[in-house]
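The two complexes that follow have chain A in common; it is paired with chain B in the first and with chain C in the second.
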Partner chain A sequence: MSQVGLDIVVCVKQVPDPEGPSSSFTVDEENVRVVTSGIPPVVSPFDENALEAALRLKKAGGGRITLLSAGTKISNPVMLKALATGADNLVLVQDGSLDYSGTDSRSTAALLAAAIGRMDAYDLVLTGRQAADTNAGQVGVGIAGFLGIPAITFAGKIDIAGDKVVVERVLPDGYEVVEGPLPLLVTVSHEVGDLRYPHIAEIKRAKEIPVARWTAEELGVDVKGEKVTELVGISAPRISRRCELVEGDTQREAGENLARALRRDGVL
Partner chain B sequence: MALREYERDIRGCSRCSICKWVPFAQIKSVDCATVCPSISRYNFHSYSGGGRLILGLSLLEDRVELTEEVADIIYKCVMCGACEVSCKIYRDDIDVLRVIEELRFACVENGMMLPEHMMMVDAMKQEDNVFGEPKSARGDWAKDLGLKDINKEKADVLFHAGCRLSYDEGLRGVVRGAASILSDAGVDLGIAGADEACCGGRAFEVGYRGELEKYAEDFASRVKASGCSKLVTPCSDCYGAFKQLYPMVGKELGVEVLHVVEYVEMLMGQGRIRPTVKVPLKVTYHDPCHLGRRGEPYREWEGEDKLKRPSAFKMSGTRGVYDAPREILSRLPAVELVEMERIREYAWCCGAGGGVMEAYPEFNSWSANERVDEALATGAQAIVTACPWCERSFTDALEERDEDLEVLDLMELLARSLGSEPDA
Partner chain C sequence: MTSSGEHTGVLVFAECSSGGNVTRLTREIMGLGGELADLLGEDLSAALIGSGLQEPGRELVALGAGRVYVADDPELSTYNPGLYVPVMRDLIGDARPGIVVFGHTPAGQDLAPRLAFEMGTALTTDCVKLDIDAQSRRLLATKPVYGGVGLGSYRSDKSPQMATVRPRVGREREPDPAAAGEQVMLSVDADATGAALRHVRTVGEEAEGVRLEDAPVVVSGGRGIGGPEGFEKLEAVAGLLGGAVGASRPPCDLGWMPSTGQVGITGKNVAPDLYVAVALSGSSQHLSGMTDSGKIVAVNNDPDATIFTVADYGVVGEWSEVVGGFTEALRGLLSERE
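== the complex of A and B ==
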């Protein structure tokens, strides 16, 4: 398949700004949820990386980018900003049943896969490697599973070569090059690069971009039925601090003692 | 805090509309009787302090949704705090401005931000300034002034320029002048240069409370590391953030915070700054909101009944910085001060605050022009202020008009009187 006219779907999740101060996040153990205050919703950073990868592919070979997001209440300004970077369409799956406690990675993947399946065409589906709120990293490969297409995870770079997708897959000690056929799902890592900033005029123009609004019911997905996990408890880790002065007669000895202490504590 | 925490304040509004007017005892003419730019411009009750309280009640009772139209009303407010001053004269138990802030926090938490504000906050995250200008260029204004770099050596006074004065080249003379005046007076002055960061105040005002908390945390650690005893700024916006907003989010800087006009007045009193050059000029002085009523030190009060709240804990606006700039003006040879009708805690706002300059430039310009008209009515040859945001607003407004009115920062005028007007 030629990369000209490639239809790219980018899944974007709205999350509370993960760059907010720690005081903005409160663990509500009783209701098993994290409550946020004083911070805005944003597109999950790895999803922003996925959008940036899509924009580069579009620039290199043309095509269309459709943003897909699901949730109970999706912020219009947040989506406008993402659209303004150069996307062509927005599909919102908004439904009261899609709240924090009503979904899990599997049901979300089922829902997004159903939405992608309903689209006129898709060649490449991009997601972030994990969401900034749950950090589960399951939805991307889950979508591929439901769609019955192959998936490549942890992409640091994506290129199109003829009818194949060539991905530099990030490893702890470097990267490996993996090829996959279209249609394909790729989960994207931050090594791809930060999402470009749109100009304010582009955000205003993005208001004209068509938006499709679907519900889980319209997509025929029983979100509760697809949910297989239950969050039974949540708590903040208790942090204790201990101060130890590492000494030595010489700087070299002090350094060696420090290394030993770090190894003893499992840091090295 | 959340909007719900202010339900008693909100329900307490008796809808008297005093928040729209200059305190009655201070009204001098019908032309200058109003004090709230928002209600004066948009002329519908929701755009007033009291109207916003009722809007808050409607949201609390789920009678309206937080739509783009509601957010538009919430954001068409310069956050000048004049409504609070007028209201406080009669009602000790209503904190109008705190409710307006909570409405903005609600907008942000519910994703109803304005795109212009999102861009500003993104710029802050990226480059540590509200304009998105390169962080590396932040200290360029101080080139060749020979000021200490507090990252390398200790200084008694940390001089914080702020975003506007660091990057607005049209105001370069203000910041260079202010720093030079202090330096020439023998003050042991240091700057952070490219490592200086935004105070975070403008993010707070558009509803990003968490951003301010981050900046305040960072700023407090930088100030502590610098070892300075005083923090001095020529920017009223930053001053208001340090004096009012930081304590509000539980951050104390642990050093004396002064606006440059306060410090200069102190140094004049010690005879370390002696203006001698005659500058024959009839001037009027514009009180910046964030140096005046919004620069009032914040003190947390933890009691239940606000009617029993001691006056030191109330934000009445009267404890802002009003006398120091006028004292400096009185010491400048041949300078004559003529006051406008709306001054001190009931001054009219230039229109730059509350994210209005970023999102509603037409409203900003309208408010600035109202003030320019008031200044012209005094017969002054110059409008003097002590905030770069006000100076920028008035300068831009006058560019569209054929009026003979100079816009000056007080430090620029002082530099003339010291015969040391610096090159911009």
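== the complex of A and C ==
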């Protein structure tokens, strides 16, 4: 462990804004992909929660935060905004082959673990509980596996107590408290809280931060060779129904008519 | 790496409720695992890890498991990856199943990736469909991607092939009390002292009334509800219908509703007989958790809201007015029936 405070690595994935209207996502069945238009890239929301957790730990006990992102085309403004919330370093692993079909959870975890292993120091590695595009929720645990460190999933709260990390792990009807040693990987859930907004002055500071750029080859990772799953098809879910619009002279009456329509059709 | 030919059969990771019976989701994935085993002409088995497992062991045999592997030890009563991973890893190493199916539960979501990475094999999480590819006889695992905008199907050449499955995907089979099947007791060295992670305690936030996942009617509100007071009105409607109140993500993030009430890809998947969506627009991540509901009602002041495209009944208007009228008429109709 380092002398003062923790060295925290936060893995951030760039995704098309999942809050964008569903009309901006098109399923391209022939080419087995989802095409997006007119929506900006963002940091995957759970990764933002992971960064917020890191910022709070840094505030409480000092330390350094390194952002790590891998992908094909990583947007400067997206990473700059994340850096400006209070992170210290940025490592990008950029490679044309690291796209949706060229990687899977295992190869991504291998790549990120190799990048983390190359860093001078790491005590705590944070990832989002799952990415907004693949929704797989595997990479965090995979990174820990490759690094040979323990992992705790679905954190709603993270505290440091001496040389231990105390995590509230989110459950469907509450939470469980789990303790782990450092170094440790924790996957973070949205219960941690939203990522803060950067101060204007911080954006200037973030622009000065040198970016470390590594490639899969430099890291000695055969991304294709690590891949174990193949995306073989993609289709649009057929969920649309015929909606009967219920009306009334007033909105209140429309509500009354809704109850009657449900009774008429035997729903109630 | 072993070749796929050496792996055979379908293994289901079974989970028990606090009452000591196997969970509904376990019964569902036993049904689903049985269908896959039938398609392949192979055997169905189950892995049961916990404490005091005689009754659930018998239940799993009745549900079609030719063999139930049981790891029964007081130390295993709560899910702990440090103890569960070695048990499953050794079992899979010995039994060599072709497919391993988990529920998409807190334990399944944690355990399955750990095993997959350790064994160098493939896992598809949050599946809404499992099938056998007719040509390759490999598992085809289908799951929502991009928050439910698309359904991606995944296949792997590595074995065993693993998947976690959502609730309400598999069909329960009628238990057969006369079914033949053996229970194999696994020798366990469950010593938590050596594990890196320590489970300190579990804190329940059990909601009052009907559980969201089991409710026949769910009344959900979105950001448009405006605050916690609004959710009290939805409580009244849910109470009249014997249902539960849910929410999209914003009300939970804003603290109007406990996060245990969230419906969607990162909350709960529900499929009640009737789902009433009030003042929520229908983000894909929310839709992904409720579109299997029997009938869907949408109330929203925006006629172009996505929620209307998945609804059977819709009212365009201010939610408080519409729900006010709805509640009043409902009271009348329900008293008529009695």
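Simple rule for what comes next: the second predicted complex is superposed on the first by the 236 of 268 C-alpha atoms of A that agree within 3 Å, B and C clash if a C-alpha of one lies under 4 Å from a C-alpha of the other, contacts with A are read in each partner's own complex, and residues count from 1 in each chain.
Criterion: contacts are C-beta pairs under 8 Å (C-beta built on N, C-alpha and C of every residue); 3 or more make two chains touch, one makes a residue touch a chain.
Predicted model, so just to flag it, every value in this text is computed and none were measured.
K.L.:
Between chain B (first) and chain C (second), which does A:D99 come into contact with in this model arrangement: first, second, both, or neither?
P.N.:
A:D99 contacts neither chain B nor chain C.
K.L.:
In the overlay, answer first, second, both or neither for which of chain B and chain C A:E253 touches.
P.N.:
A:E253 sits against chain C, while chain B stays out of touch.
K.L.:
Who does A:D163 touch here: chain B (first), chain C (second), both, or neither?
P.N.:
neither
K.L.:
With the two complexes superposed on chain A, say which partner A:L245 touches: chain B (first), chain C (second), both, or neither.
P.N.:
Only chain C; A:L245 stays clear of chain B.
K.L.:
I'd like to know which partner A:I39 touches here: chain B for first, chain C for second, both or neither.
P.N.:
first
K.L.:
Can you tell me whether chain B or chain C touches more residues on chain A?
P.N.:
Answer, by number of touched residues of chain A: C.
K.L.:
Is A:E218 in contact with chain B, with chain C, with both, or with neither (first, second, both, neither)?
P.N.:
So A:E218 meets neither chain B nor chain C here.
K.L.:
Would you sort A:Y197 into first (chain B), second (chain C), both or neither based on which partner it touches?
P.N.:
A:Y197 contacts chain B only, not chain C.
K.L.:
Who does A:E19 touch here: chain B (first), chain C (second), both, or neither?
P.N.:
Touch partners of A:E19: chain B and chain C.
K.L.:
In the superposed arrangement, what residues of chain A touch both chain B and chain C?
P.N.:
In the superposed arrangement, which is not itself an observed complex, chain A uses residues 19, 21 for both chain B and chain C.
K.L.:
Note which residues of chain B are touching chain A in the complex, please.
P.N.:
Counting only chain B, the residues touching chain A are 2, 68, 105, 108-116, 118-119, 121-122, 125-126, 132, 207-211, 213-214, 217.
K.L.:
Residue numbers of chain A touching chain C in their complex, please.
P.N.:
Interface residues on the chain A side: 16, 18-19, 21-22, 25, 27, 34, 46, 104-106, 109, 129-130, 132-138, 141-142, 145-146, 150-154, 156, 166, 168-181, 189-191, 194, 228-237, 239-248, 250-263, 267-268.
K.L.:
Please name which positions on chain A make contact with chain B in the complex.
P.N.:
Counting only chain A, the residues touching chain B are 14, 17, 19-21, 23-24, 36-41, 73-78, 80-81, 197, 200, 203-204.
K.L.:
Which positions of chain C touch chain A when the two form their complex?
P.N.:
Answer in residue numbers: 78, 81-82, 106, 109-110, 113-114, 116-118, 120-126, 140, 143-158, 196-207, 213, 241, 249, 253, 259-260, 265-266, 268, 273-274, 283-285, 287, 291, 295-299, 306, 308-318, 321-330, 333-334.
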